[in-house]
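Both complexes shown next keep subunit A, but they swap its partner, so subunit B is in the first and subunit C is in the second.
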Partner chain A sequence: MSTQQTNTAAQSQDEPRIRRGRTGALLARWGLSGEWLVTAALIYIGFILFVAVFGFLFQPYPHTQMDLFNQLQPPVFMQGGSWEHIFGTDELGRDVLSRLIRGLRLSVLIGVIGTVIGAVLGSFLGIVAAHFRGWVEEVLMMLVDVQVSLPFIIFALAVLAFVGNSLTILIIVVGIDGWERYARLARSMVLTANQQDYVLAVRSLGLGNFRIYQRHVLPNIMGTLIVQATINLPGVILLESTLSFLGLGVQPPMTSLGQILGVGRDYLILAPWIAVLPGMVIFFLTLSIATVGDWLRDRLDPTLK
Partner chain B sequence: MTRYILIKILRSTFTLWIVVSAVFLILRASGDPLYSIFSLGTPESTLDVFRAKWGIDKSIFEQYVIYLSDITKGDFGTSFFDGQPAWDLVVERLPKTLLLGGTTFVISVVAGVTLGAIAALKRGTFWDRGIMTAAVASFSMPSYFLALLLILLFSLKLRWLPTSGASTWQHLILPATTLGLTLSGSIARFVRSAMLEVLRQSYMRTARAKGAPKWRQIVWHALPNAAIPTVTVIGFQLGWLIGGSVVIETVFAWPGAGRLFITAIGLRDFAVVQMFILMVASTVIIANLLVDILYGLLDPRISVIGVKK
Partner chain C sequence: MNKPANIKPDVLMEVRDLVCHFPVKRDGLFGKRRVAHAVNGVSLDLIAGETLGLVGKCGCGKSTLGLLVLNLISPTSGSVLFRGQDITRTNKKEWRRLRSEMQLAFQNPLGALNPRRTIGAQIREPLDIHQLGDPADRHKTVLDMLEAVTLPEHLLERYPHQLSGGQQQRAVIARALIIGPQLLVCDESVSALDVSVQAQVVNLLADLQKKLGLSYLFISHDLSVVRHISSRIAVMYLGRLVELADSEMLIENPMHPYTRALISAVPVPDPRARTSRATIGGEPPNPFNPPSGCAFYSRCPHADDKCRSLIPEFRQIGPQHMVACHHAEALAQTS
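And then the complex of A and B:
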């Protein structure tokens, strides 16, 4: 935290000397001046979101279209590549760029929905635990212990293999991951809030519980929960990609980044680009979100550290 | 202190029971395992014989009671596939998993603590920023992707190290590095923030004031105090390590328990899957219990609070 302070202090001393352009002023307004890594991360996230939402408009081929005469063709920047398939083709002659665009969409979708499920479920249970106390709290905290005691990926693999696999099941499984973090966080924050004057005040005014939580408590703890969600998001994306990589996540004909990587693994010598390109996309995405998450946490909520 | 430990043990046992039961119910309720074992069109009479032999003709509740009572007798079920006890199958793979996990653990604690301490001591400098950026990068990296990159570079291009298997010590290098890099990143972060907290304390100023040499301030005064919060965090990382090793063992064809688990879920081999999960959950639970107790020993203030509670 005090790094932040010293940074700002140093900047304010320098301020007269630096002449800011329009961009500089904009960056300063968002608290981004000097945070080049965060700025780059935000730009990358914006780009990824754009591709995830509108990428299909620029998708050169259908992602399942095979071209058996053009298998394992290298990308344009490697020897033997052509502009026809900018990122080359895979073992069935499918265009890797088109598959990346489609895969990215599903990966982002699962990551975001999964995170929202975990955040909503966890926060709700945390609030319930803090509100009712007593045995409800005991049971919920016991569930938190249970969740922590089994590495989630092992549970997820077992469920997907045994119960079967569909996009819905995958999203739900991925969404359960991390709920206990929100639950703990929400519980402790609500416990504190319930002791504070503003809650006591509205309670004594006779406001119903639902209104109290909805209108007064939730807005106060929302920031921290959102920061927590940003910090969890990379984990959820990684979880989905790992499951898909191992062949238990997204199933063909649908595709996700992890699944492309899983296929590319078998062609590592002949066609390394099939695995390396989606891997890079995932890595920079999780790295960017983690960077932004850390920055948000330091900025908005020094208590989380 | 004894009462505190006893309550913790009781709670842990209860948690383990819930994990085992939940996994049992989810897996057994998921459908008939026979369809992945027998081909379609196998006569119903054959299937019935099989069901009766493995006791899966009974209701789920009956199966659950039998399963639990068997566990208390030390019988963890038998693999559908090779007819061996699940316990033996998992346990004979354990040494390899422990070798990989242990090596990873040592690498990442040494690297993580060193780097984290350096970052804290050189706070705000190029070193600090560099180490912390590398730390975030290391755990943002999908471990299986890192594994593939390392294979691509060291095995396929440079031909220095083998791609898969476990026959020599060279086989250990790549999987342990992959897992270790990720883990040391998160340890480094925790150590850094623990160290920063400690460096602010008055006893550090006292140490400086009485003229203790720099290394002694760090090794003697700062590190032991920073160790307390770090131990907890490292304990919690154990679960992550086990989960990660399942993936990495698969990528490197490392013949450990994690790879057995992946094979077993593919075959829907109930007993082996349950045995593995039981073992992982008890390991994590026992580790957390030990961390709790260790925490009490390292920091006498905690155990007093624990007893009062």
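And then the complex of A and C:
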């Protein structure tokens, strides 16, 4: 009895909370206990990623397969729906679920690669500007100002209209979106970091510039850049959706969430599920990424632990 | 008078007519480009194994002088000789080698440590940079250094913000000393610490000096700390040295009116002590536009026309006592 008591006492010293189950312990290890919204967001993102990668294995029909006798069939949870097409069919009788799975894959691909392009390009240019100062900085910051003052959607439309449309070009265009935000952020943070005594200290120890950036500056600004990326990622997905919605993004037979949404708009009254379902997927995806980004910012700062 | 300045014991570093001007923004769009005279012709010697205190008010250029001495910024003119070699004009390789000869300890230890690296990794970093010894040796050197600065070993895995201020400063000192420099520039190294911790760190510095034969350039605005640790003290005012002497002599028998004001401003831990304070009014002149004559004349109670027009020479006035004042001899008799 008494040993048990001392045991519990010792335990409660290490772990201030009462015993948790296995899941609870796992959540605690990830710093997630009590963060239900973040947990839900993470689960949702995980599910979306899984569907994007492996969804084609569960795809009931080819996403292009038409069935003109079964046009605009409502999903199973609406009146008149059937299990044959769980999320119903669109105006050509194509299975909405199959199209969602396919579209999701492309949207996620474009979103992730586009974000990485923007983050790497922008951060690199920002660091270059902060390191060299002088005319290099002025030229780069002028480019940033040009980019900011130009409505990006016009820029994207112009590029896609003139250069033509392919998946690669589309990814590059949506990737360029937001580079100026990373550039500004990286520049100002590198300028601040270079004024910090710890950078002066390692410089006075004889560490080379490359190593200073690699070991001391980058790790200290990485957290903010990652958070910026998570803020930007939904924007990239939405931009791709917008472009596809406008007919300048993904071209059939390929499909993306934005494209399904754009086509479904015409049938919004008659068959709302065509537009609403991809819209909801995008909405929850962007919301989840933003939530996780916010949580990540706190996690990545060692002084907040 | 004999001239003891010519009999030089091991001079580690000679600073000659060092000038550093910072260009600052223009007045308006087409105005003249203004220049801040941060250091304006400073000459001094640093003897091996000594502690030279450098005191002065904020903005008088003492930190700039510290950075110049370490060659972390380049002077406008003048030279710094380290063991007879001019270090203001070195190539990259020599400069890197010099890093292991001279180091800097900072005012704010938390800012001087990377918040994302462990204390152990940061103390070890200089060894990695200069490729000294193999990894096992390096670890041992780190442990020795840790013992030398009296930090417990379990702190190696901690992050800077988990340490107390005194521990952080000791870690900074350990990192600076681990590659065995001859010269340590302490720029306000204890100013940010509590008085009790200050004493610990100052005593630690004194111990390390004895053990390792270091020289310190100890920059501070706090004359009472500087007095405790320094063998000689230099007083700086608006980019120039105004007085340099053995510390006891400087405290007991200050020649320059500014030094006198500084010393009488040091609080005395005795509530009944009534000292006649040589206070000075006003603000130091603008470093963008230093006065024509003696920089101190606008605030000096003894100033006359000569002070207004002629910059006083930094001259020998007694054994090991240099001062930059036209009236030093006359003032010495009045006190």
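By our rule, the second predicted complex is superposed on the first by the 257 of 305 C-alpha atoms of A that agree within 3 Å, B and C clash if a C-alpha of one lies under 4 Å from a C-alpha of the other, contacts with A are read in each partner's own complex, and residues count from 1 in each chain.
Following the convention adopted for this analysis, contacts are C-beta pairs under 8 Å (C-beta built on N, C-alpha and C of every residue); 3 or more make two chains touch, one makes a residue touch a chain.
What you are looking at is a predicted structure, and each value in this text was computed from that prediction instead of being measured.
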{"item": "Which superposed partner A:279 touches (first subunit B, second subunit C, both, neither)", "value": "first"}
{"item": "Subunit B versus subunit C, judged by how many residues of subunit A each one touches", "value": "B"}
{"item": "Which superposed partner A:287 touches (first subunit B, second subunit C, both, neither)", "value": "first"}
{"item": "Contacts of A:148 with subunit B and subunit C, given as first, second, both or neither", "value": "first"}
{"item": "Subunit B versus subunit C as contact partner of A:238, first or second or both or neither", "value": "first"}
{"item": "Which superposed partner A:265 touches (first subunit B, second subunit C, both, neither)", "value": "first"}
{"item": "Which of subunit B and subunit C A:29 touches, first, second, both or neither", "value": "neither"}
{"item": "Touching partner for A:202 - first (subunit B), second (subunit C), both, neither", "value": "second"}
{"item": "Contact footprint of subunit B on subunit A as seen in their complex", "value": "3, 6, 37, 142-143, 145-146, 148-155, 157-159, 161-164, 234, 238, 241-242, 245-246, 248, 258, 261, 265, 268-269, 272, 275-276, 279, 282-283, 286-287, 289-291, 294, 305"}
{"item": "Residue ranges of subunit B in contact with subunit A within the complex", "value": "11, 14-16, 18-19, 22-23, 26-27, 30-31, 123-124, 133, 136-137, 139-145, 148-149, 151-152, 156, 193, 236, 239-240, 242-244, 246-247, 250-251, 261-262, 265-266, 268, 273, 276-277, 280-281, 284-285, 288"}
{"item": "Subunit A-touching residues of subunit C, taken from the complex the two chains share", "value": "70, 72, 95-96, 99-100, 103-104, 106-108, 111-117, 125-126, 129-130, 159, 161, 172, 175, 179"}
{"item": "List of subunit A residues in touch with subunit C within their complex", "value": "196-198, 200-207, 211, 215-216, 219-220, 302-303"}
